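Two complexes, one shared chain (chain A), two partners (chain B, chain C).
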Partner chain A sequence: MIRRAPRGLAEHAPILFPALMLVVFFVIPFSLMIAVSVFRRVPGGFYEPDLVFANYERFLTAFFGGVMSFSLGLAALVAALSVGIAFPFTYRLVKLPRGAQIRWLVFLLSILSLSEVIIGFAWSTLLSRTAGITNLFVALGLMAEPQSLSPSFGALLAGLVYQAFPYTVLVLYPALARLDPYLEEAARTLGSSPLRAFFTVVVPALRNTIVATTIMVFVFALGSYLLPQLLGRPQHWTLSVLITDQAIYQSNMPFAAAMAVFLVLVSLALVGLALLAGRREETA
Partner chain B sequence: MLMRTLNSLAAGLIALVLAAPILVVAGVSVNEKKSLTFPPQGFSLAWYAEVFTDPGWRGALITSLVVATLSAALAVLIAFPLAWFLWRWRAPWARAFEVLGMTPFILPPVITALGFLSFWAAVGEYGSPWTVVVSHAVFFVTLPLVTLSLGFGAVDRSYVEAAATMGADDRTVLRTVVMPLVRPYVISGFAFAFVLSLNEYIVAYMVVGFTLETLPIKIFNALRYGYTPTMAAVTVLFVSLTAVVFGLIAWFGDLPRLLGAWAKND
Partner chain C sequence: MNETTGKQGLHVALTGGIGRRAVLAGAGTLATVAAIGFPNIVRAQSKTLKVGVYGGYFKESFEKHIFPDFSKATGITVEAIAEPTGEAWLVQLEQAARARQAPADVSMMSQVAMLKGASAELWAPFDLSKIPNAAKVVPHLVNKYPDGKVSGIGAVSWYITLVTNTKSYPQAPDSWAALWDPANKDKLGLLALVSNSFLLEVTAATFFGGTKHLDSEQGQLDCFKKLAELKSNVKLWYRDEAQFEASLKSGEIPMGQYYHDVTGLAAADGQPVRSTFPKEGGILDSGSWAVTRASKAGDLAHVFVDYMCQPSIQALLSRKVGTAPTIDRKMTDLTDQEFAAVSSDIAPIIPRYDLYTSKSDWLNQKWTEMIVG
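Moving on to the complex of A and B:
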């Protein structure tokens, strides 16, 4: 079998169906959304074709600025916490025997694929007054009586880190699994303590991976749309929640689309940066 | 020694925090009365029975299973020829379609959801039940695409050469040599897409939220009217189903390899 460029219709045929599906059901919807963002909203329901930038002008309001900076700040906090916990964790994980690694991976994958609805429900139960963790604190004599800890910023943060942690571990896993073990052994032979070897050899060697992962987790956290509604208060709503709200409940598709375009640009720019950081490591 | 104890302690703590919400929900789900208390008062599996006997919950469960099966199958049908084409031919331009397949998964999901909402509304199919199958298939095509690219990449080309030398054409090679080698990757790609479709909320909600109730939509709608132990029971069933599917992938396939850790002597 010679691997050359395909010729003629017969050799191109297999790619026709996937290409058609992706163009019709991803490229067209995506372009349509961009188009809708400059359409004019018609009171009482839908929108009509136009070329107005009124939807984008609303970005300049203090309300939007507030939501935007809250979303970005929250995503940054979640990314920092997740990578901070997940990096040392994954570092240990790849050294476990194969069977134990697989059990952890199944566990993490199961949590990662849980619906946001389920994570939100589970955390609000865990933080509720009647069934929550405060009952345990009361039993241990740490608290006088049980209380509800949700909705609150802390609850939202806990839920988001819970959701982002397995994702972070799985993004870090390949890089850490491929890290040359001799690197650390050399440091240990030369007299470094395990902790010192970790911070002076392992972390610097994977600096770009850490940067790239943090950015990916940031984008992942930016996409959370249900946890802010289930675990936070209205002032904790993020851009993703606002987009859903405008599209479904306010029937303002053009404004929702404009915000989505903005979110795409932010996300793509960040993913581009992450790829760049990741590539630097490969060539280094 | 101290270091090792600390490490195990930290790992144990992480496992506990990860499991805690699920454990509390599992506890709540066996309450005897319709109350949200933990530790549970009394013991009853009636709420699990209700998932299957109550028409609303059973309907949502069936809807979710049907949607997940069909969309995962369609996702594999889209991903397989694309991954095969990229492996079989030297066609750098076709990488563009691979990138397209990866994009919806990387972007915040609300964006894809909004794109589908505008699209189905524009073609006049907004709310048709089948639209969620197509939407999920395109949304999750990334997963079979990734597993299949790994699978084809792992096929030893000398087998293919041998088959071709003995006169097998592309079709025969695919059927007799390549297919048996990539089958585990097809199955795991399907399973990943299946589980994620089962749990997906925002795309389903924006596309068919007002006409079709998948299980996550049903749970979210029910949450507005307060908690019921049935919700907890459904959650436990879902978590178990998810864990079983990934357990099977790990059992039949090579999970560390699927997730990108190549063995040293590879």
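Moving on to the complex of A and C:
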């Protein structure tokens, strides 16, 4: 393996393609979005190229601040729940025989193939009064009469965690599968209980993976705009829902772009903070 | 376009045996072909017109009852494009027109979208001398630019009415005031946007003596304040019609505002739903045919619009699609009963389209704060 820094075009070549893709699919669209965000909105029409900051001013109000904090809080909660459930699940999964592991992974991959729309409608049916799960509870004598559980915050949370869960498992899987089993065996030999070994050996050993996965799920949940409409009430609409409203229904691209730029910047800042906190802990 | 190339790529990757490079090259070629204007070549050969109509039930009915006869009569093949409701399609058309693309040549557009498109000069003007039947269309359903050029021609009219599930409500409500009734807590499904629900107009007509009350900002604020009172009754603010329709049929959300035509068809199918014209009137909205300035099939579009304005076709639309005619009813051969099925003698609530262009952003902001806050 070459340890020195790459020199010359030939040695840089392998990185050119990803760099190009990054420019084409991220840098250029994001720059366009920033450009549109300072364009001038033509009321009752579309927009014209300009350099105004009215779109940002409109965003800086208590109302949008509230929606923004809700979106960030929701995404953080979804990330924490998904990783909290997926980590022990994956930990058990990698200990299963190979055949069973493959069956589980195929099952999780097939959940990934479901679109957000299908997931949303399925959950709203499952939580409905007329055809939902509460009918089962009534039949079992656990409830007096069927209830509607959707739309609600709980329904939204369930839908988002359901959607994020397979991603989380698939990201955690390689790291957990590669984890040296002797680490845990050593802890057990030295007398710690399985639970204690899990929390004091397995979890710390994979701390970086857990942080990275949490950030990924956080960003993933932040972009969700369909499930909040299907499973949430208006007070549960995320900033992404309002961006969609502006872009698609109000044809106000500049304002939508300004909100999106703000969302990207805030989430980048939070991700940066999380990484920074992780590094500081490591050096401490 | 992206989706097509993506699926192609995925397909090749799944069938296996072809390297990653070949997949990328293949996707690239497809994208290039599409970008060069492949559809235009096809059109020149076969006289195809891309017509945008609302996806789902509307598109199905048009494809079944209207387009085949049109093709037989004129030799023009119609490619029906499913458009999303309301202004989403307007944004797509405008973005495409900036790139000189026309996802559809002629589209059915709502009135708010017509006005917004006109302010951006998105619509290619119609030449009425090539559309003799346009003279039959009721004058207020012909959209005009400020200089008098025609931007759109009435395609169909429809009503948004008070709908209920007949099992949950054996007795039909007779007034929009039912939406405010505390007994209906958590039972309503209403449209989520100020510019397609027209609930400000409904409020003004129900509680403030008419939509004239919306002339002043104070009047608009009155209506917002009154509307905020029904928030706890609303279970679902819907953007997507399918979402409400399913819940209305099942009784999950047993009351709300919905389209008279679709509700009537669902009832005819045996679903436990009904549409009621409240005593304050149903909301009368309409769609106009408009041609995007990026279209190269303007001549074919004129033939199409002329065909659609014929009294026999307007009557056919009422019978098969459930829409109200855009021409004087007397020119059609609709019976009283057939006309009553798609319309009502109660004077309708006409949306204040002017507000949604002059004050759209302010109204939208107030509306969002009202329902989210």
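Quick note on the criterion: the second predicted complex is superposed on the first by the 235 of 284 C-alpha atoms of A that agree within 3 Å, B and C clash if a C-alpha of one lies under 4 Å from a C-alpha of the other, contacts with A are read in each partner's own complex, and residues count from 1 in each chain.
Assume a residue touches a chain if its C-beta (ideal position, glycine included) is under 8 Å from a C-beta of that chain, and two chains touch if they have at least 3 such contacts.
This one's a predicted model, so the numbers in the text were calculated from it and none came from an experiment.
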Query: According to the contact criterion defined above, which of chain B and chain C contacts more residues of chain A?
result: B
- prompt: After superposition on the shared chain, which partner residues are touched by A:I28: those of chain B (first), chain C (second), both, or neither?
  reply: first
Task: Examine A:S192 and indicate which partner it touches, taking first as chain B and second as chain C; both and neither are also allowed.
output: neither
- request: Report for A:P151: first if it touches chain B alone, second if chain C alone, otherwise both or neither.
  value: second
Query: Just chain B (first), just chain C (second), both, or neither: which does A:E116 touch?
result: first
Contacts of A:Q235 with chain B and chain C, given as first, second, both or neither: second
Chain B versus chain C as contact partner of A:R98, first or second or both or neither: first
- prompt: Regarding the shared-chain residue A:A247, is it in contact with chain B (first), chain C (second), both, or neither?
  reply: both
- line: Residues on chain A touched by both chain B and chain C 46, 121, 128, 130-131, 230, 247-248, 253
- request: Name, in rising order, each residue of chain A that touches chain B in their complex.
  value: 1, 3-6, 11, 14-15, 17-19, 21-23, 25-30, 32-33, 36, 46, 85, 88-89, 92, 94, 98, 101-102, 105-111, 113-119, 121-123, 125-126, 128, 130-133, 135, 162, 165-166, 170, 173-174, 177-178, 194-195, 219, 222-223, 225-226, 230, 240, 243-244, 247-248, 253, 256-257, 260, 263-264, 267-268, 271
Query: Across the complex, what residues on chain A touch chain C?
result: 41-46, 58, 63, 67, 121, 128-131, 148, 151, 229-230, 234-235, 237, 242, 245, 247-253, 255
- request: Could you pull out which chain B residues touch chain A in their complex?
  value: 3, 7, 10-11, 14-15, 17-18, 20-22, 24-25, 27-28, 35-38, 77-79, 81-82, 84-85, 88-91, 94, 97, 100-101, 103-104, 106-119, 121-122, 134-135, 137-138, 141, 157, 160-161, 164, 170, 173, 195-196, 199-202, 205-206, 209, 216, 219-220, 223, 227, 231-232, 235, 238-239, 242-243, 246-247, 250, 255-256, 259-262
- line: Residue positions on chain C within touch of chain A in the complex are 84, 86-88, 90-91, 94, 115-116, 119-120, 186, 192-193, 195-196, 235-237, 239-240, 243, 247, 250-252, 356-361, 364-365, 368-369, 371-373
